[in-house]
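Below are two complexes that have subunit A in common, paired first with subunit B and then with subunit C.
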Partner chain A sequence: MNVAIAGYSTTKFTLGQPSIENLLVSATKELFQNTKNLSQKDIDAVLVSTNNNKKYLAPILSELTGITPKIAQSIENMCNSGANSIVSGYSYIASEMADIVLVVGAEQAENSAQVLDWDVSRGEFTHPIFWGTMFTKAHKRKFGTTEEELAYVSALNHKNAQDNPAAYNTKAYTIEDIMNSKRLTEDLKLLDCSRSCSGSSAVLLVSENLAKKYTDSPVFISGIGQKTTSASFTKNDLTRLDSTIDAANQAYSMARIKADQVDVAEVHDAFSICELMILEDLGLVSKGNAGKLVLELYKTNDKKINPRGGLIGSGHPLGATGIAQIAEIASQLQGMSAKRQVKNAKIGLVQNMSAAATSSTVLVMRN
Partner chain B sequence: MNVAIAGYSTTKFTLGQPSIENLLVSATKELFQNTKNLSQKDIDAVLVSTNNNKKYLAPILSELTGITPKIAQSIENMCNSGANSIVSGYSYIASEMADIVLVVGAEQAENSAQVLDWDVSRGEFTHPIFWGTMFTKAHKRKFGTTEEELAYVSALNHKNAQDNPAAYNTKAYTIEDIMNSKRLTEDLKLLDCSRSCSGSSAVLLVSENLAKKYTDSPVFISGIGQKTTSASFTKNDLTRLDSTIDAANQAYSMARIKADQVDVAEVHDAFSICELMILEDLGLVSKGNAGKLVLELYKTNDKKINPRGGLIGSGHPLGATGIAQIAEIASQLQGMSAKRQVKNAKIGLVQNMSAAATSSTVLVMRN
Partner chain C sequence: MSFESELRQGRFTVGECEKCHKTSWPPSEFCSNCFGNLKYRPVKEPGILLECSSKDGTIFGIVKFEDSIKIIGTINGNVEQKPGQMMRVASCDFDKSPKFTFTKS
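Our next item is the complex of A and B:
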């Protein structure tokens, strides 16, 4: 059974702290407004993607919105919760246990997954900034990546975010602004980092035979790859994200495409170095050359990578991020992304990951 | 693709507070010891069922036990997390996205789902004891259920627990002990309540074609039902659990059986009244007559219902409960339950639910 995306929504990301119930309901309400013929009674499963500590949010969201699904549960895998939830929803439909699955991701700016103080297995690296620094240093050493190239990652994402009404921040930044932003570690500056924010996003998954009831232009998930490894900074080679490489190979194989067929991609730029490593590990550019690619994208105003501004540009509400990436690629493949639109986008890709790529999910989507 | 249970484990439940990582690893290690030919590299997905607030526990468990799965995530739906996780694992296999899924449930005695202070949608009923009382009062009024009948639910479960080495408490209680235990509300006494405890349990799900590699006697999940409604105490009729009725009908239909074919069942006796309502709503006895059935089971030493002692007898480590129920029924269908064994058990049932049956899962299993 093929699985289609028949609706989606993303609320405005902010630095405020609205309640998690409010965030979940807002995205759900907007999805209903965006989707024709959708009734609460159609929905077989409600999956909530979040790192919020409240329990039982899927039944609460269901009750607040008048949905009485069979299946209702929260799914958590830190920053990768969103794509994990979509894959779980896909499996319910592909196994014919459900026809219609609503996946809603939400996070508050202040959330319990920001500092990894629970991570007993990985020593003292209790803040993501430590592995962000290690990766940056390794890439600079091996490939001669420059601070300016890294700054262009941030500049490109912030530029793209200016055309994304959901972004938490639509300010323009020059390369100088970024290079001169507060230095947090030897290798990372403030504007190299994505910012935790509040936000929510929802996606409606339906079995292929029902897709046309809810949308005139369904988008299909044609490739899925997932992999969990140890944290990448415990590996010998700090310049590659093994889980992303593995997930990408699975997804390309399932979708029967090669990397160079990807027209538009949302990737998980938690730090500027991540975007460079991911573009290389997805095979979108050869190893060590992502810095040059980003510079070219910036100068030619090409929105192929992170058209909504990625995590650095639009903000990073952890549980919502993967869902918002998927919503953006669905919108791109429908030609509905307004000023952010990549022309003739036929094949899209989403790469979502958690802490130092301990796990990665790669989805290939087509219209 | 049929889905089999090829291995399981349940650790000793306690009133201590071991770390959540310790609980998860203990059940996983025991499952590996119990399962022939199982290697870490075989496992495609690791699903953690818990209400613990720590993030990212599935990748941490994987790293601590040398597993590098594709899929790793936590699943939470309060007291129903365990069965929800099993159904999610089932869907990964049934959709051919995975061949082998390890599901591990764990909870600490002190956990964040005990008091429902987050439940903004349901008024002031912030402790389960309130709905336990409302249900008890309604059942007494409508069916003339007596305090003594309720006491026999507790007596039966505590008696069965004496033969369960994993139970937190194997003390014998007389009807007098139970009737005279501390009165908590007008209708509930201390020994009418299940007790939150620490514990963990694991189940290995495999596709049918691989089952014989890992076990000589695979058990199959032949029926699945799930339903999420509003909390049952917001309904007009407080003597029935609508979500359980709906889930049971789905599960019986999928398994092509009738209720009277069930040989052995684990049901979610959060309070003694729950067991009576569930036995009736599953159709194992007519409405209003579960009290008489329990009395008969007690007097004839019949272990058909809650052979491991249910939640009241063995304890209630929330995220582990559903998994431990399923492990017990698998063991029963394999004839491996020692003193707890129900003779010639061929068809088993598990009913797991969350807060006042806001959601219910019913599984039918066969050997």
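Our next item is the complex of A and C:
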């Protein structure tokens, strides 16, 4: 059974602290407004992607939106919760346990999932900036990556975010602004980092035979790859994201494509170094050369990578991020991305990951 | 005897399986290979520095011991070291999280 995306929504990301229920309902309301012929009674499963500490949020969301699904549950997997939830929804449909699955991701700006306390191998350096700085230093040392190349990652994402109405920040930044932003560590500056924010996003997954009822242009999930290598950061190689490499290979194999066929991609730029490593580990550019690719994309105004502005430009509501990435690629493949549109996009990719890429999900999508 | 209580005594230990004799890192109650019981013993030194950086003048780095035990700590004396440098544990403690200081071996 093929699985299609028949609807999606993304609310405006903010630095405020609306309630988690408000965020979940807002994305759901917007999805219903955007999707023709959709009725609450059609929905077999409601999956909530969040790291919020409140309990029983999928049944709560269902009740608040008049849905009485067969299946209602939350999925928490830190920053990768969104793509994991989509894979769960896909599985329900592919196994014919459900025909229509509503997946809603939401996070509050202040949340408890930014630091993985369990990981004692981080010692007292628990905050993500420390794994971000280690990745950055190791990449600089091995490949000669420069601070200017890293600054272009941030500049590219902020430039793309200017055309994304959901982005928390649409300010333009020059390379100088980024290079001169507050130095957080020897290897990371403030504008190299994504920022936790509040936001929500929803995707409607349906079995292929029902897709045309809800959309004239369904988008199909044609490849899925997932890999968990560990939970502790220090088990990683510092210049390579093994979970992303493995997940990408699985997804390409399932979709029967090669990396060079990808027209548009949303990748998990938690820090600027992450985008360089991901582009290399997805096989979109050779190892050590992602900085040159990003510079070319910036100078040619090419929106192939992170057209919505990625995490750095749009903001990072953890549980919503993967869903928002998927919503963006669906929109791109439908030709509905307005100023962000990549021309003639046929094959899209989403890469979402958790905790220094100790786990990754890669999806291939096509129209 | 546990990783945390040993650290509070200034001892850096690792669990070794009583059954298959493999070490389990990060700390746990059972062997990650065969689920056997773990006995905590001192980690063998020196280790090797894999990478380092700094924040506000404090240098920190990842040191690998016994080919599999990797942990982040501060570098003693704030003297930058190159990856590959052999390092020893100068001090360790536990207060909400493990605290390590490494020194050049």
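Here, the second predicted complex is superposed on the first by the 354 of 367 C-alpha atoms of A that agree within 3 Å, B and C clash if a C-alpha of one lies under 4 Å from a C-alpha of the other, contacts with A are read in each partner's own complex, and residues count from 1 in each chain.
One rule holds in what follows: contacts are C-beta pairs under 8 Å (C-beta built on N, C-alpha and C of every residue); 3 or more make two chains touch, one makes a residue touch a chain.
Keep in mind that this is a model prediction, so the values were computed, not measured.
J.: Considering only touches as defined above, state whether A:Thr185 meets subunit B (first), subunit C (second), both or neither.
T.: second
J.: Counting residues of subunit A in contact, which comes out ahead: subunit B or subunit C?
T.: Between subunit B and subunit C, the winner on subunit A residue contacts is B.
J.: Could you say whether A:Arg141 touches subunit B, subunit C, both of them, or neither, answering first, second, both or neither?
T.: second
J.: A:Phe130 contacts which: subunit B (first), subunit C (second), both, neither?
T.: Touch status of A:Phe130: second partner only.
J.: Can you list the residues of subunit A that meet both subunit B and subunit C?
T.: The overlap between the subunit B and subunit C interfaces on subunit A comprises residues 119-121.
J.: Considering only the defined contacts, which subunit A positions touch subunit C in the complex?
T.: 117, 119-126, 129-130, 133-134, 136-138, 141, 184-187, 232, 234-235, 238
J.: Quick check on the complex: what are the subunit B residues that touch subunit A?
T.: 19, 21, 46, 51, 53-56, 58-60, 62-64, 68-78, 81, 84, 87-88, 90-92, 94-97, 112-113, 116, 118-121, 224-231, 247, 250, 354-355, 358-359
J.: Mind pulling up the subunit C residues that touch subunit A in the complex?
T.: Residue positions touching the partner: 3, 25-27, 50-55, 60, 62, 70-73, 83, 97-100.
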